[in-house]
Structure formats: C-alpha cells, structure tokens
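In what follows, structures are represented as structure tokens.
In what comes next, chain A is part of two complexes: it sits with chain B in the first one and with chain C in the second one.
On to the complex of A and B.
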C-alpha cells in the first residue's frame, strides 16, 4: 500500500459522485445506481476520455472563428471599426495601457488555448498510461477546474460595452459574431474539463504497482 | 433476500442496485465537435463567398489612405477596402492591395477608374466635404471595356464627368490654360452646359489640348463652325477701339469659364462629331470674327513711324471695319545704289464682310452672291483711281494706338494697285496725324528762329514806361480822391434823397394804377371811349376817301347801299 491507499475500483467498490456514499458494485459488471440518492454509479465516468476528446476538439474548432471574427464593432460618424480579440490587444498595447493589454491577452488568448493544450496533454498521458508526475497532473486538473469560470472576461467586457455605449447616432457599439464563438469555446472547455475523470490519472500507476506488488 | 444477505455477509458495504445498460457504442458527445466544425465551416464558406477579387491600385501618394480602414466607394456604396499599402519596387508609387466585394467582379474592367476623394474646391463647386471628418476614401467609376484587369493606376484628379453622363466630348486647342481647371463651367448663352474634363500639354509644348464635356441636350448646339472662347473672369481691353469690358456670369468672373457660340449663318449646320478639335480663342470678339473665309491680303508700305500699330488692329473702310493688320515688318528696297527702308504692313481684308455691310450688295455683285476676282480687280482699280488710299490714323490719342483707314484723299497723287506682286500692294499715303506732327515741327522751327532776345529787351523797356505811366495814374487818382470825394459824397446824399422822393411818387402812382382803383377803371372806360371815337373817325376817313364829294354834298343814297 502506498500513501494514496488502495483505490475503490481495486476493491470492487465505487463512490457515488453526488452524495459520496461508497457502495460495492454488483459482481457481474453492469450498470448500477446509488441506493441512497439514485445517482447512477460508475467506478470511472463512462467514456470519459472519448467525451473529453470530443469536447476539446469542438472547443479547438470554435476557437478559430472566435479569434478570426470581430468581437466588437464601434460605429462613429467617422466610420465603423471592427476589432477581433487580437486587434483589441494590439490597440491597447501603448505606453499607458500595456498592463491592460497583457490582462486581455492572458485572459482571452493564453488561458483558453492553455486550457485546451492542458486537456489534450492530460488525455494523451492517460491514454498512453503514463505513470510519471501524476501528482502534478492532478494539480493541473484542479487548476483547469478553478480557472474555467474566469475565462469569460472578454465576453463580460463585450456585453458591458455594448450595453453601455449606445449613443446613437454619435457612437454605438455592436457585438461581433466572434464573441459568441468565444463564449462557446469557454463553455465547451468547461464541460470538457468536467467530463474528464481525474481518477484516471492515478488508475494505471496503481494497477501497475499492484501488479508489481 | 438471499442475495442481500449474502452481500451483507461479504462486507458491510451496501450492494448497488442493478439497472439496465443504456449506453450506445459511439458516444453522442461527438455531435458537439461536429456541430462546431459545421459552424466553423459555414463561417469559412460564407467568408469565402463574401470575398470578392483582390486588386492592386497604384497611387502616386498614399496620403489619407489607411490599410484596413480606407474603403472603395462606388456612388457612395462601400464596395471594397484597402488590405495593405506598400511601396512599389522602384519606390515611385504606392501599391494598395484592395479587397473588393464579390459583386464588383464584372466591374473591374478596362477603363474602370479609381481616385482618392478628398475635400476639393474646384470648378465652382465644393466636393468631398464629408472626407474632412471621415478621412479620404477611394472613388470608383466603372469603365466600359470588356477585358478584366487586376491592377489599376489611380487617377490624380477625380473625373469631372460621370461615366453615365449623356453628352459629348470635344477637344480645344489653346495657347495657355488661362484660369481654367478641372470642372470649369462651359457656357452657352450664359447657361452652364458642360465642364472642362481634362487638359494636357501638347507633346511639343507649344499649346494645350483641353478636353471638354458638353451635356446631352446642349451638345447638338456645337457645330463644326462653333467657336469657343475663354470667358475667364473680367476681360479688359484698351485698343484702337477704346476701352472694352466683357464678362460672363458672376461665377465665371470668380473661377473662369469657357463659352461657345455658333455664327448665325452656320446655326443650322449638323452637330459636330465627338472629339472634334476646335481652336480656343482668347475672347468672344476674336472668336466670333476670326476664321473669315476668303480673306484677301494686301501690302501697304509706309515711310512713317508705325509705332502703335499692333497686329490685329482694325482696317476700316470709311470707318467700317473690313479687315485687320496681319503683320508689321520692315522692308528694304534697293534702288540703284540707294537703299530705302520702310514699314511693310500686311493687312487682311474680308470681302464677305464688306458685302455684308452693303445695304444692297447686288449693285456690286451684279446679281451674284460673291464677287469674282475680275470684278474685284476692276472695282478696286476704280476706287483707287477715285483717290482711295490707305492711311495710318490714330484710334485713341490716349493710347496712341493706330489703325489702317481706307479713305478718299482727293488731293492724292495718282497711284494704282500693284497686282503683279503677291500679295498686291495697295497705295498708301502719309497719315493725317503724322502730317500734323510735321506741321507742328515747322511751326516750332519758325518760333525758334524768332529774335526772342531783342523782343525781350524791347518788352522790358515798354514795361518800364508802363510802370511810370501807372505811377502817374496813381497820383491822379489820389488827387481825385482828395478833391472830388467830398463833393461826390454830397452829390450822392442828394441823389439818395431824390430817389426817395421818386419812390414815394411811384408808390402813389402805383396805388392809383392798381387794377381795382377808381382811377384805373375810369381810365379804362376813357380808353374804350377813345377806341370807339377812333373807330368812327376811321369809318369816316374810309368813306371820305371813297367819296370825297360827300364832304361837299353829304352822303348820297347810292353810296349808302
């Protein structure tokens, strides 16, 4: 036994993910539900890797139009100016507002892309049955879960600006199609992170250790 | 129950309930990436469909242009946007890569023009004021060619005439541009009917070709014989005819303009073809008279100064203009060993104009519309035989401008036209003004010859004597003053009294003679009586004259009848 203790799976048990009740699974492996709350039980979330992959790929696909399409169109008597996320960052990049440019860049470009890369990394390592640095990977997973709710910054800015700046006909701001794709990226990524079963990270190493033991 | 019991025996952990397996083989979650891919693909397809051709426009300067911002507008509608700006490899031009809208695919043909629209004040109109705020944009005009092009050269100035405008282009040959510019209006009877479309210096640099556009209903008034002239601003001319001021409309005074008209005799001709070349005249007068048909040239030789005789100065026949001076030169003539240099004036006479001035040209033409050369020779010879001579006369003493006058000079020595030389030489005499000058000179010479000094001395002596006489007169006057003045004063006082008395008398008489006074009415009655008496006496006298015997015999019965 290592410090992590024996997994429930190895003992023929499973924990309910809603109420936390630990139950023994029926001997012929099949679908089971929690006797206390009725939640369906699985030792590991079914098709977790497959689902996460699908969502990650979907998010990656959505990420392309999110960055290519304008997120905001500013109309003034001097003409209409449409900006994509990157153009907004470039525009903010000036001696006075460069910290803001960094914030927008990190929140809107680095984090969504980083999340997708991190998810892909977790999935690949789990599929390949890697045994190394599983604690770090778990930490990465927690970070992904935590950070998910904060990556809507651009969407928030957009909605506020569009709602506030409506001084027609002098100046008004219209949302661009890009913001919908961006919101979709964030939502799909969050769902992907949730559909990933972190228990898979330490499944293989334990099996290996048991096999060795 | 047995199972449950068995489970409890196995462990204290409760056993899970068994439910039916529902999961399919392929997770439904794969729909999400498919939807995402479809959405992305749809956007991409839409973007590709919305993408028109990319063209390259070459500008001399990219001033006011901005990559990603500046748009291409056709009649105010956005049809493209500048993607990027770069300097051409030879660093002479700016190449703009422009993303055009898909519907412009068929518009990008040979003849399509692009230009930068900026605020512009020209041709009496202000255009592109909106660009002061919104920045410049690229204007577009669709050409009529069929060959599709991908690279264009922008026009330096926007085309003045829209490609859809109905009308015709004509070309004008001018010696200088005057105050013309793109869009300068063209007037026909002071109505604006067109504008200057473009101008270019001729290859040899000797003149300009101005391209003008005359709008549709008015272009048919441009005939082959139509004359164009500069109606630019104010046109002052001070020549042998005096001061002349000509203007068109107020707009043309400010910005210049062109005007055209057709001489009345050609007004019914067919309209001129497109791109007919016309000469541009400096003013209306020269334009309307210039290319006279069948001008005849004569040479005049003058032995006097021709200063003030300008090319274009009129030639008059008894004061009516029938021609003009073509050139003024010097001419040397060798006679044996002597050389004579005189002024050679080439004049052009317009026989048609001469005929037009005739009240009845039939007398000269003998029923025909034009004079034949033989008839003209005979006519001219006769006129010269009667004393017709060319003479320089002063048109204006103020400017000293000369003109050529054909006048009868009865005292002129006999002369004839030299028809053998080409052009024929018309006999000329010394001008009247130069004659006066010569006479004045001779008078001055005589004055110069006078013994002015001696006269002056005599005059001085006379003046001294006069001064003495004046002194004597002065003394006399003083004496008078001392001796006669008191007497005079007394006499004057008496005189005044006498006048007062007279005034009173007249006053009384005036009252007596007032129309309503009794004296007056009595006087009138008396006068009436006297008139009657006089009448009776006249009757008596008449009777007595006829019947003197009545004085002795009294009135006879017969005579009373």
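On to the complex of A and C.
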C-alpha cells in the first residue's frame, strides 16, 4: 500500500466520473449530483460487479454462434461457399498476406476471448477481496478498454467485401448469420468493460480497511 | 476548501507542492492534489499510474483548427469513391455509405446500422461536439449545454472507429485482390489522413480547460453535495 493513500470514498467524497470535480457526498447517503456538470454522483458505479458479470456471460454465449456460423457466403454459378471467421483467416493466409491474417485472427478470435477471461479474472479477484497485484490488474483493465474496439475489424471486412462483390450473376457475396452475433459480442464486451469499476480493485476488504484506519 | 478538512493524501500532496486542484483518480479513487503543471508535462496517479492530465499548449485554438480540418476531410471521405473493382469488363465502386447500404440490402440491417454509427455518425458527432465545445468556451462562462456536449464527446469517442474501418478496408482489399483488380479510391487516402487528424485533435484537446469555463449546473450546494476545490 502506498503510504499516502486515502481514497475519495474513505474521505466521504467522490470524483465526478464526467468532469472530474471532487465533491463531498451528503452524510446520510442519498442521491447527489455534481454541481458542475449535473451528472449523478457515485462513489462506485452501482451494481458494477453484477452488471459486468451479466454482460460477460451474455458475451460468452454469443461468442459460440459468432464463431460457428458463417460470416459470409460467396455465390458463383458453380455454387455457394460459406466461411466462418476462422475459415476467413485461413483463406487470408498466403506468403504475402500472412501478417494481415495474424491481425484478423488476433482481433476476431483472441481479443474477444481474452477480454472475457480477463474480465472474469478481474471480477473474481475483486469479489474475493484480493489485495495482490493491484497495479497489474488496473493495467489489465486499461488494456481491455484500449484494445477492445479493434475486434470490430471483422465486421468492417465483411461489410466491404459484401459491398464490392456484387457482380450478379457472375459472383456475389452475402453476409452470413454469424456477423450479427459477432458484432453483438464486440458491443456487449465493450459495454461490459465500461460497466466494470476499476476503483473496486483498490478497495480493501472491510476488516483491513478498519485496521488501516 | 469548502468541504472541511481532507487529511492524508490531500495534505501530503499539498506539502510538496502549492495549492493545486484536488482530484480523485478515476481508476483507483486516490485523492491527490495536482500542482500546476509545466508546459507539455503530464501527471499520472501516484498509486496506479493512470494518466491524470497533461498541460497542453493553446489547447482550444489547436483543437479548433484540427477539428475544422477533420470535419472537411470527413465530408470528402464520404462523398468520393473509396474502393473500386474491375472484373471481366465490369467496374464497381463503393463509398463508406455504399458498404452500409449493401449490408442493409443483403439482410443484415443491424450490422449496417452499427457500421454506419461507428464509421460515419460517431466520427461526425466526435468532430461536431468538440467544434461546438471549443467555440462555445471561448467566452467564459459557457452555457450549461456545453457540459452535455462534452459528456457526449467522451461517449462517442470510444465508438468512433475510422482507424479500425480503414484496416478492415485494407483486409477486404487484399481478400478481393485474388478475385479481381482492385482500384483504391481517393477516399481511402482521405480517410488515412483523417485517422491522424482525429488522433491529433483528441491529443490537442484538454477537457479540463473546457470544464473550467463552463457554467455550473447549480450554484453552491445541491442535494447536500458540496464541491471541494
């Protein structure tokens, strides 16, 4: 623990999440809003752990159809071929474009799954009241916030392949059912990361809080 | 200080630097006093190293210039062709909106809306909000609706995904290159410059300067809440 550490919560204050103003909360705990920007003030985001768990589990369920269902179907006079995300990565793998195949694989497969595992880890350690490696955990949270949007990559790839290859009856591409599940995974995980309150990482378990004064 | 004594961090920090603003780290809730920062210097949280703020020179003027330039580029990027393809004597061109329309027609309306939001609406709102904020706070105190815009800007920034779309277009281009001749359009280069302009715009803008010039929602205490400065 840092010797100078006193959280706003322990001092009966809260930093406004929108404008950053530090405000003293009313003593009988009640609703308060920031005098500068008008935003509701919370010491910790309400029901942060429950909401983040719900969204994480929802994203995990959506992740299954997102990877099993095809994201695009290529139609030619010879027939139709459907590709899942993973098949798209394999197709992209060639002596010249393999770096892009790696980028797509990381953005569409590794990042969403890694995000869910990382969120579960953060939630479990917060619920257990862990006080170890706080700095690494908050760094992990910041990484999730920064990297999560890049999973949208595959949605854009599908959109522009579909937009360009519309050469009926020679060849045309249709989006598959998997795209919507995949887009949902990305959106839900982004909302999940936003609903997690990193300040919970630093909150000490009740007994220790008293011991530290 | 309006709210009475704040011990520990606040006093400790006051001891090694004069006055300064009191703030609570958004990532770990540590209360600390921020001394006035020299130019180009940044402050991070003493406990969790979260970036707290950076003294940016001429923040409002630079943001205004970059936002204007970004607005113009975004407009161009959405009207000129972005990608073309020629196969067996047929040519097809598409813009960003063309991608959205194709996705809509092919039955993925929800995904089309998401792409429209992330690639067109969110960047436009990002630039528009910031432009209005910067213009409105030139003569403080700025009216209170500026606070709402500033809040909206922070939200929309996360969903503005021009750089990701550009990488997506690049991947699509390479996928298609096996099947047909791909013709990169002007919008591709405009979008490339826009990525850098948007990053520069966000980097030049210092929200603290704007917040300091905005009229408060309430004078003094509201619902028992008291501000401490």
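Rule of thumb we're sticking to: the second predicted complex is superposed on the first by the 196 of 213 C-alpha atoms of A that agree within 3 Å, B and C clash if a C-alpha of one lies under 4 Å from a C-alpha of the other, contacts with A are read in each partner's own complex, and residues count from 1 in each chain.
In the analysis below, a residue touches a chain if its C-beta (ideal position, glycine included) is under 8 Å from a C-beta of that chain, and two chains touch if they have at least 3 such contacts.
On a predicted model such as this, the values are computed, not experimentally measured, just so you know.
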First (chain B), second (chain C), both or neither touched by A:41: both
Touching partner for A:140 - first (chain B), second (chain C), both, neither: neither
Touching partner for A:31 - first (chain B), second (chain C), both, neither: both
Touching partner for A:188 - first (chain B), second (chain C), both, neither: first
Touching partner for A:23 - first (chain B), second (chain C), both, neither: both
Which superposed partner A:81 touches (first chain B, second chain C, both, neither): first
Which partner, chain B or chain C, touches more chain A residues: C
Touching partner for A:131 - first (chain B), second (chain C), both, neither: neither
Which of chain B and chain C A:106 touches, first, second, both or neither: neither
Contacts of A:54 with chain B and chain C, given as first, second, both or neither: first
Residues of chain A contacting chain B in one complex and chain C in the other: 13-14, 21-26, 30-35, 41
Residue ranges of chain C touching chain A (in the complex, touch as defined): 2-4, 6-10, 12-13, 22-32, 46-50, 83, 85, 87-88, 90, 92, 94, 98-103, 106-108, 110-112, 114-115, 118-119, 144, 147, 150-151, 154, 158-159, 161, 164-165, 167-176, 179-180, 207-208, 211, 214, 216-229
Residue ranges of chain A in contact with chain B within the complex: 13-14, 21-26, 30-35, 40-41, 46-47, 50-51, 54-55, 57-59, 61-62, 64-65, 68-69, 77-79, 81, 177, 181, 184, 188, 195
Interface residues, chain A side, partner chain C - complex: 2, 4-9, 11, 13-15, 17-27, 30-39, 41, 43, 88, 91-92, 97, 100, 103-104, 134-135, 138-139, 141-142, 149-150, 152-167, 170-171, 174-175, 179-180, 183, 187, 190, 194, 198-199, 201-203
Of chain B, residues touching chain A in the complex: 7, 10-11, 13-23, 27, 29-30, 32-33, 35-37, 39-40, 43-44, 69, 71, 133-135
